Structure formats: C-alpha cells, structure tokens
Amino acid sequence: MTSNPQSIMASSRPLSTWDRINPARYIGELSETRFWMYLLLLPSALLIMGVVIYPTLYGFQLSFREMRLNRPDLGTDWVLLKHYQRMLSDQIFWISLRNTAVWVTAAVTIEFSVGLIAALALNRNLPGTKVLAVFILLPFFLPNVVAGHMWALMLDPRLGVINDLLVKVGLLGGYKAWFADPSTAMAAAIIVEAWHSFPFFTLLLLAGLKGIPTDLYKAADIDGAGSISQLRLITLPMLKTVIAAAVILRVIGLVNSPDLLLILTSGGPGRSTQVLSLYAFQTAYKDFNFGYAGALSVIMFILLMMFAWVYVRLSKVNQD
Amino acid sequence: MASRSLQSRFSLGRFVVFAALAFAVCFYGIPLLWLFMAGTRSEASLFSDAPFTIGSWAAFSQTWTNLTSYNNFQIGTWAANSAIYSVGGVLLSLVASIPGGYALALSEFPGRKLILIMTMIAMITPSTAVVLPIFLEMNLLGLNNTYAGLILASGFFPFGVYLAYVYFSTSLPKGVMDSARVDGCNRFELFTRIALPLARPIVALVAFFSFLAIWSNYFLAFVLLSDDKALQFTGGADGAGERFGGAE
Amino acid sequence: MATLSIKGVRKSFGSVEVLHNIDLELEDGGFLVLLGPSGCGKSTLLSIIAGLEPSSGGDVVIGERTVNDIHPKDRNIAMVFQSYALYPTMSVRRNIGFGLEMRRVDTSSREDAIGRAADLLQISHLLDRKPGQLSGGQRQRVAMGRAIVRNPDLFLFDEPLSNLDAKLRVEMRTEIKRLHDRLGTSVVYVTHDQVEAMTLGTKVAVMKGGVIQQLADPQTIYEQPANMFVAGFIGSPTMNFLNGTLENQDGKLVLHHGEETLELSGVAKGASAYVGKKVVAGIRPETFSKGAGPSALTGIVDVVEPTGPDTMVVLDVGGQMISARLGSRERPHPGEPMTLSVDTTALNLFDPETGDRI
Amino acid sequence: MVEFEKVTRIGRVKYWEDEAMNKNFNRRSVLKIGAGLMAATALTPSLAFGQTANINYWHTFTSQSEFAGLEEVMKLFKAAHPDIVVTQENIPNPDFMAKITAAVLADSRPNVTMVSSERFADLLAMGALTDMTERLANWDKRSDFDDSRFDSITKDGKIYGLPAFSFVDWMYYRKDWFEEAGIAPPTTYAEMRDAAIAITDPSKGRYGFGLRGGPGGQNYINNVMEAFGSPVQQGDQIGLDRDKAIEGIAWFSGLLTQDKVVPPSAPNDGFRQVIEGFQTGQTGMIWHHTGSFQDIASKLEPGVEFGTLAMPAGPAARVARLAYAYNSITKDENADASWEWIKFWGEPDAAIAFLDKTGYFPASNSASADPRIADNPLYKPAAETLVFGRPQPSFPGLAGWLESVVLPAFQRALIGEATPEQAVDEMIDGLNQAIG
C-alpha cells in the first residue's frame, strides 16, 4: 500500500488477544458466509416449529380422530370426517357461527370507528393530548380477565355503577340485568370488548397518520375540500394498508379469543352469546371432546384464512 | 368570504375533536376512575355508598393489607412471576422476531416465502387449539411448570416478525447500509451496529405488543403452570375471584 | 492512492443486462467522472467498484490488486453517497470515525484523524451534533469527512451534490476540486450533471444504456464528441443538429440545408467520404455570431432569452430550430429575419445512420 | 335460650373476626388488586421456591377462610408427620378440569388431589385415580365413616377416595320477612312458590327467590327435574323422563316467566350474584350449601334476619345433595405418604380444626358429633339433611352435559326463547350425544 506524505490517516492496530477469542469476531466472519441469513432466522424458525407448526398439526390430526378423554372406552381411532359431518347438523355450531359473525363485525366496526376518532383527535397535537393519549390507552393494559371481571361488576344488576349512573341521569327506569336479557347481552359484551380493545386501532392508526404528508391536506384545503372529504379522499386511502392490517389482526384476535365472553356470559343466556372460540373451548375443556374441539378449531382457522385472503384482495393491498 | 368559511370549518373541526375526546374520557375514563376508587373503599362502602365515593386512606391501606396478606403475600409472588414471564417472553420474542424480520426483509433465499406463510399461519391459529399440544410438548421437554417453559411457549410473537419484516423492508436507508459496508462492517456488525439502532422504534413496538399479548395470555400460563407459587398474576387473580370449592 | 482499471465488467439482473463489457482505466491521482442520464448504469458500475454489488463478469483492479472477491472494507476505498448516508444514531464525531473504529484504530489516533478532517472541512464545531441537527451542506461535509479520514486508495462519489441547492452545489463542487488537488487521491465520481463532469473530471466517461459512449478528457468530450448522444448530452443549451447534404463545391466542402449553404473549412478528414450523402452537422450555440459570412444561416427569430451575460436566440431556419448564444447587447425582436455566421472550425459532422462522428 | 345465645355468639365472633381481618376475598378484591397493581409498580418479589416437596396436593380452596383452614390442617400434619412435606397447590375451580386433564395426558399428576363428587366419573374414566379400597379396609378409623359417605367415589365396588368434608345442600330464608308476612317456612316446592309469591314486592325491590340461572345453576336444575320424578341416573340407567322433566323445568322457569318472583337478572346470576342478592335484601330465599353460612352471617344477623331450612320436597322426591370433597391418590409415587395425608383429614383433630376456620361440615361421625354442630339449631336442618340427603349422580360426561347443555337450555326457557318442552328435548339430545 502506498503511503501519502500528507496522510491524515491513523494506522490500524494489530489483532489483540481479546480480538482473537472475541466471539463477535467469529460471528462476524460467519456473517459473511451464506449461512448468515439462516443464522438470523434460526431463533424464529425454531420457535415457529416448536410452538406453532407442531401444535397446529397436532391439533389438525386430532380433528380426524376420536378423542374423548372421559370416554377411554371409545378409543382414539381415526374417524375421518365424522366430526365435520356432525358439525353440519349441530345447531349450536351454526348459532355460534352466526354469533361469531355478529360479535366480530360489530366489535371491529365500533373499535375501528372509535379508534379512528381517537387517533384523529390525538393527531391534532392539541395541548393535553399526550396525557389524554396515555389515559385513553390504559384499558389496553388491563388483561382480558381483569377487564372482564371489572365490567361484570360495573354492569351488575344490583351493585353496578353503570346502572346507577343511567338511572340517575334518567336514561333507565330501573336497574337492568344486561347479561340476563338476550336482546342486550351481546350488545353489552360488544361494548365491553370495544372498550377494552379500541386502543389497538388508535395506536396503529396514529402511527399511520403520522406518515401522511401534511402537504396533501394543504393542497386539499386550497382545493376547498372539507374535513369529511379530506377524511374520505386523503386520510382513509393513505391509511389503507394500516387499516387492512389492523382489521385483519383484530378479527383474528376476536375470533380466536374466548376469554371475555367466558367471563361475562359463558355464552348465555341460552345460546345468545355463544361464539365459535367459546364453543371449542367448552367442547375441549368441559366435555373433554378434543376431536370435535379440534375440528371446530380447524374450521375457525379456515374461515380466518378465507377472510384474510378475501379482505386483502378487496382492499387491494399489495403485500409480499 | 373564503377565510371566513375556513375559520368556521376550523372551529367546527375543533368542536368535533373536543366532543370526541370528551366522549372518550367519559366512556373510557369513568370505569378506570371507578376501578381506582374501588381500591380506596371498604367492602361495606362498595355495597352501600354511591359509586363515586372516595374512600378513606385507612380503607385503602386495609385493601393493601388484604392484598399483601392474601395467602402469605401470594399476590406479590404472582406479580413478580408475571414480571419474569413477561420480561422473559418479551426478550425471547425480540430475539426471534427482530433478526427474523431482518433476514426476511433483506434477502432472497429458498424457504423465505414458506417462513412468511408460516408466520401468517401462526397469527391465525386459534389459541385454544394449540394450548394442549404445547403443554404436552413442554412436558416432553421437562419444561412444564417452569419459567423456561412458559417463556418458550409465549416467546413466539408472529406479529412481531411481521412488523420487523415490514419495517426493515421499507425503512432501512440503503445508502446508510452501503456506507457501513464500505466503512468496514461485516454483516453481523451491519445488523448490530447500524440496523438495530435504526430499528429502535420497531423494537419498542414489538416489545410493547408482545408484552401485552403475554401479559393477557392467561389461559396458556394457566395450563402450563401448576405450582401455585409459580402462578402468573392474571391466572392467580382469576382463581382468587372464585371463592368456594367444589359445589359452590 | 492507486490506479483503477476495469476490464470487461458486465452486470445483469436476471435476463436484463445493465452493463455491457465495460473497460476503463484511471491513472493514479486522476479524477474520473461517470456521466450519463439516469438508468445508464453508472451507479451500478460504482457499486461494483465499491464491492457493494457483485459483477456478473470481468475484473476490477485497484492498484495492483484484483478485488473482485474482496469485501468492500478491504478494498481501501471510501464512498460518499447521494443521500449522505450518515448514521442517524451516531454523533458527527462517531460518524466520521466509524470507518476507523471498524478497523480497530486506537482511540487517540482516531481522534487526531477526525480532528484533522474536521478542520479541513471546517466542521469542527459540529462534531458533537447528530446528523438530524445539520443542514444539507453540513451533512455533505460530514459525509466527505467520513470518506477522507480514512485516506483511502480510491474515493467513490455517488452523485454527492444532487441533494443540495444550486448555490451550495457550486460551492461544494469547488470544495471537492480543492480537496482532490490537495489530497491527490484517485476519484471515481458519478453524476448526471455535465457541469460537474466538465469542471471536476480529468477524465469523463459518458455512459448510455450500459455502454461507455466516450472516455476522454472534458475538453475532448466537449469539442469532439464521439457521437450524437455525447454531443447532445454535453453543453447547455444543447448542440444544434442541422440535417443537410455534403457536397464538393469548387474544391471546398459545403453543406446544403434547404436554401442555406454552409462552407466548411477545417472539418475532419474523413468527411470527404460522405460527399453526396446526408450528414448531420453539430453546431454549438456559442459558435454563432451575428452577421453574414461564407458560412451563414438566415432564419426568423422565434424566441429571445436574455440571460445577462448572453442573449440566447432561437431561430427558425427552414423549419428547424437553431439556438445561438449571442452577446448581451444583441436584442433582436421575434418575427424579424436574422443572419448568423458559423465558426465552422468548431463544427462536427455526424453520420445520421450510426450517430457517430465523422 | 342458652342455645340461641350460643348461636349468636358464634355468629358474632365470626362476624367480628371477619370484620377485623377482612378475610373475604372475592371478585371485588380482584379489582382492587388491579388498581393496586396499577398504582404500585414496584412490588417486592418473594420467590420462595426453596421447599422440596415429598407430596403434592392439588385443591380448589380459594377463599381466605379456606386457606386458613388448610394451613391449620397442614400445621397439625407437620407436627404429626415431620418426615412428610406437603406442598399445596391451589387450582381455581373453573379451570380445574382443564388443568387436571392436561396433567393426566402428560402424566404430570399431583400425588393427592381433592376430588369433588361430580368430577369423580370423568377423572376415573381418564384414569387419574388410584384404587384405595384396600388401604381403607385396613384403616382403624374406617368405622368413623358411614358407608354412604363413599357412594360418590365408588365404582364397581372399588373406592377411590376418602371424604375430607361435606357440602350439605340447604336453603337460607329471610326470617324477618316471613314473620312480617305471617307465613311459615316452606317444606315443599308448592309451599315455597306460595311463599315466594307472598313476599315478592317489586315496589320494595323484593323478590321471593334467588334463582341461580347463571354459572353453577345447572346442578339445581337437575335437582328440580329429579324432584319432579326425572332422575338423570338410576343405577346404570341414564336418561330423562321427558314428561316429568318438562314439569320440573316448567315449574322452575315459571318462577321467573310466570310468577315473576325471581329477579330478572336470574339467567346470568351465578354464585356471587345469588349470595349478594340475598345479602342485600333483594331476595327472600336462596338455595346453597352450608359453606356460605359465615359469609351470609357477615351481612345479616343469623337467627333474626335470616334462618336456615332443609331443602323443600318436590312432587316426587325431596332432593338435597350431600356432596363430599374427597381426597384421592392420583400418583403411585410416594403413595404411602399420600395415604398418611389423606387419612389425616379424616382424623377428628384435623376435621374440627378445619370446621373451626371454615364452617364446612366434617364427614366423619365423631367430628359431626362435636357439640358446636350438634347443639346449634341453625345447623339442625343440615343435620336433618344428612339423613335424607342423596349424593350427586355420577357418570362420565355428566359435568359437561350439565354445564354446556342443561344450563343453556334452561336459560332459553327462562328468557322465553324456548318452551319447557323444547328445553327438555335439547337436554335429551345433548345427553345422548354425551353418553353416545
């Protein structure tokens, strides 16, 4: 190497002993090989295999077997599509399917609307919004179980604070047993769910809003577009990808998680709040029929796959 | 004229914003306020007094004493356990999802698509369906009822892989990466010294979401742990909620 | 410092070949500018030289070494990026010293080197800031500091000035020229700005479609462009291309363009082979002057653009627009006829079929 | 008079103790925990994993008083058997079966498990339980227990557990309301309905009966059907007598739909709501077991404001359940040590210590003869019930059928979505599915 008389370069230090044994150096050398990408992927690949693929496959094969833990006399033979056939004539399954659709649609709609309003409001950077943001996001930190118990108490027909307020304000003649009436049980549960999970949308939408160039709004102002038009023509289209992702994730969460309904209504009264996830849970852990529960899970899985696919198609989001 | 209509529209917008915030505060704030207040009131007061009564300091300290004395400060153990599981799970989910998303975003290799699809599948799989197989698997590994078992089981956060993947494939400045190569980073250093510091927001976001997921995943924790002392907080709290045994 | 030679380098992405058989030589201490429109492959070529992208064939030799399989960090090169590519999370000091840090240079000599580079670039007062707190020009200086602190064999610049505003761009151009003069390190510089190419380069490679159209010093490129593409790409306003027929009139070569006839003297020797054939005459706007002469064109004034030192005039000559750079005092009016004489010694003739210079 | 003094004294003492220590730990406290956790971010962890256990005990105790009782028993046991270390693990009731199912599948069962009678059949079918017949036969204190105590844990002549304490079904009623209305405490379903109608006064917010139509109500629904002559299980016969069952469901749901003597919240009322309804003066009668006596006594004065009664008789039978909490060996390892622990619960010392803390009835004769029970008039209905009370039915799939078929079907009748006929048909279909 030639050296420059005007050199402003400092000289390199030779390898020290530490450098020789430094594991980072070996990883560094390894990183220049084609194994590097696999090394990066190793932790997630191992976990995917261990806690996703294997359990999922195990659950799928259960759906083709007889597996009733409290009936060892029936054995654990393959029964092909027996469970799926039973599903066709299982009234509870169809009711659960319908209720799941109602539950998910209503909850996502409310959560999205409220989440969007909150995100738009918080995005204004008005004084105090930082504090409000933290406050509004708080429900999200309560575990489902705690939020469920808390609302069960607040909506309690004897001691509930909600009834008390509504009666005092004059909206209600007397205390109402929200979860005992099939016409209000689902609605009340949806409100609770929306209360608990709307910050999910707020968070994601707020992040999306920050990414919209303000020039667009200035241009729209000059063109004379009002707030509603701006929302419809700029904000929503620009948020399309975020909205699509958030909706899919939330739908997955709502379809798969029985916690809240389990605490609030256990599916009742009657079957009026019975949903698929709850039905699968009860089939597995109350009736010990793991085969049928597995089949229910497979159906949920397939429905979600179809939903995600159709939804992504419809919202024309380009994804890898 | 024009400025006037602009003015009125602005104030209308402002009104809508404040109305929305006021609604949010009422609908979302009141229950939380009530929850806090409940902690300051005695059992009797909860039964009889108006819902929004602030109790006494004595009642609060009584509640606190009840809390801490319940089954020999079990609540403290639960909270500490929750913290250990959550932190452990979050760390593991970061170790898995950040490098994973980085690799998926930055390179083309056989099996890449497959891993992306598996990640999607992982997001969709109903949790009730996998809890039992996971339990059996952990049992096989001898990890039932251990910190490690639950942390392993809750440490894969597919959404995190996806977030990291999207971030790294859209937001990494190519120039900076090239520059670091020229400056002498090997690919490992490229990841640790350049990409990771840049990805701080996404690391925080993944940590946040996976924390929430683990924190509220009561059922998995419940099935995987049996030792009462190892119970996670959310599990323990629910147990404490049911007062009577057997035939209630 | 070192020479650079590129021998038969090719690059394809899938079935698309973006670089065809590139050959280049740069002398020690030279300043090579890769010039061309976007998509011509100049940045890809630079990336191959840097080692950021593998080539599909051919050799890159820096100094005596063939560096094809050598990691960028071991090529002893430094690079300045269009986006500056500063590490957003590090201070200016650490940004500048990062290359040394990665080479395990000890702290004190690193600090010395950073200090010297910062002095040279007058950014010593910025050392503790983060890139986000700097203006565009300051970031550019930091990016340069990062490159020079390493004292590499070769500097690579990838459109380093294109994100700056016009005034800063001129300043920084001068700065780069001064630095190169002072350090004497070989430079490869990619740009689409012909002014940068002309002012900075000791050698300019004009590229198009993954092929080097001409490799020469700036003067030659300007005066004797290898083909119509190079001729048209260099110079502003661009060279006028006048279609015509070459004829031998009384022992003198003349060009007929419609009614007009231009007497050509001092044109290339090969021109006689084109007698009786169609050619394209390339005339730089500044070779026109007002008034009649043996080689003159007459047309109707279309547009007049005074720029201060010059007046640009667009003339309609038999349906073809010709632009001319005239003195600042000339103020013709649109619509009036005008006659301009041409300095035919500076005129180039091109083959209309191939576009090559005759 | 003397006896009455004693009763109130016990009640009072308990009441004050409760007040002083505020032992009650329920859902409301859970919320406080939530608030506390949010308020206090730094909790000092005390991770005492140090103890090595020789035997592992799974139970469903959750209340503060139950824990106090358990700790007392453990203390006594430790003194008597210093060589055996017991580690207790609390498994909350709603998740008990999920948990034990997983443990059986993975073969990570505890040494000893508390088994309530309704879970016996499922646990046995899973293969979770160990035959204890021989150990019991050789035990010197076996004669302390009536043979009937083992009915709900016996299958094919083999006994799988030893009762630790009992839940005796009875009812609580508002003595003051009844006196005010001038009616006698009911002894039959018909009388109970009449009484409910008599004391119901919507203007005062009073309802006659606190019907448990929510979680946990399934057992009472089944009891009513049995009281109308449709027992779900008779020997090996499993099935419902459709007509009689319909009668039962019609009567029971009619309390809400026709007589309107039940709070409208009934379809969602579980344990907490039913107890609170009674405690707060909303309802005049409730069905429950002896275990909630102390809890109710903490709000209402025993013997004055409320009294206790044996379950009323239905048209065909008087159904009051005698349920036992059994302790069973669930693992071969350390079986002898496990047996020592199980036996210890049957000793009068332990049983009385447990009773002292909780109010749960002992299962052994010698403990039942304790004057604190025998001489207490408020406990008299329980003592009567011990004579005519019957065990829970028991067959695999029963618990699941009751919870996921009987309860929702009954709820549908309660909310008017189904007729009693339709509800019973649903139950019959579900039963066939469960045992098919």
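In this document, chain identifiers A, B, C and D correspond to the written order of the chains, with residue numbering beginning at 1 in each.
In this text, contacts are C-beta pairs under 8 Å (C-beta built on N, C-alpha and C of every residue); 3 or more make two chains touch, one makes a residue touch a chain.
None of the values given here were measured: they were computed from a predicted structure.
**Student:** Which chain has its C-alpha centroid farthest away from the centroid of subunit D?
**Tutor:** So the farthest one, by centre of C-alpha atoms, is C.
**Student:** Taking contacts as defined above, which has more of them, B-D or B-C?
**Tutor:** B-D
**Student:** Mind checking the centre-to-centre distance between subunit A and subunit D? Centres are C-alpha means, answer in whole Å.
**Tutor:** 38
**Student:** Measuring centre to centre with CA averages, how many angstrom lie between subunit B and subunit C?
**Tutor:** Distance between chain centres: 55 Å.
**Student:** Would you mind listing the residues of subunit D that make contact with two or more other chains?
**Tutor:** 27-28, 30-31, 34, 38, 95, 98, 105, 280 - these are the residues of subunit D that touch more than one other chain.
**Student:** Which residues belonging to subunit A are in contact with no fewer than two other chains?
**Tutor:** Subunit A, residues with two or more chain partners: 32, 141, 146, 149-150, 159, 284.
**Student:** Residues of subunit C touching 2+ other chains?
**Tutor:** Where subunit C meets two or more other chains at a single residue, that happens at 71, 103.
**Student:** What does subunit B use to touch subunit C in their complex?
**Tutor:** Subunit B residues touching subunit C: 173, 175-176, 178-186, 189, 194, 197-198, 200.
**Student:** State the interface residues of subunit D toward subunit A in the complex, per the touch definition above.
**Tutor:** That would be residues 27-28, 30-31, 34, 38, 95, 97-98, 101, 104-105, 121-122, 125-127, 213-215, 263-269, 273, 276-277, 280, 282, 396-397, 399-401, 403-404, 407-409, 411-412, 414-415, 417-418, 434 of subunit D.
**Student:** List the residues on subunit B that touch subunit A in their complex, please.
**Tutor:** By the definition above, subunit B touches subunit A via 6, 9, 12-13, 16-17, 20-21, 24-25, 27-32, 34-35, 46-47, 50-52, 92, 95-97, 99-100, 102-104, 106-107, 109, 115-116, 118-130, 132-134, 136-137, 152-153, 155-156, 158-159, 161, 165, 169, 186-191, 212, 215-216, 218-219, 234, 237-238, 241.
**Student:** Quick check on the complex: what are the subunit A residues that touch subunit D?
**Tutor:** 69-73, 141-142, 146, 149-150, 152-153, 156-159, 177, 179-182, 185, 265-272, 274, 282-288
**Student:** Contact residues on subunit C for subunit B in the complex?
**Tutor:** It is residues 47, 50-52, 71-73, 77-79, 81-90, 98-99, 102-103, 146, 156 of subunit C that touch subunit B.
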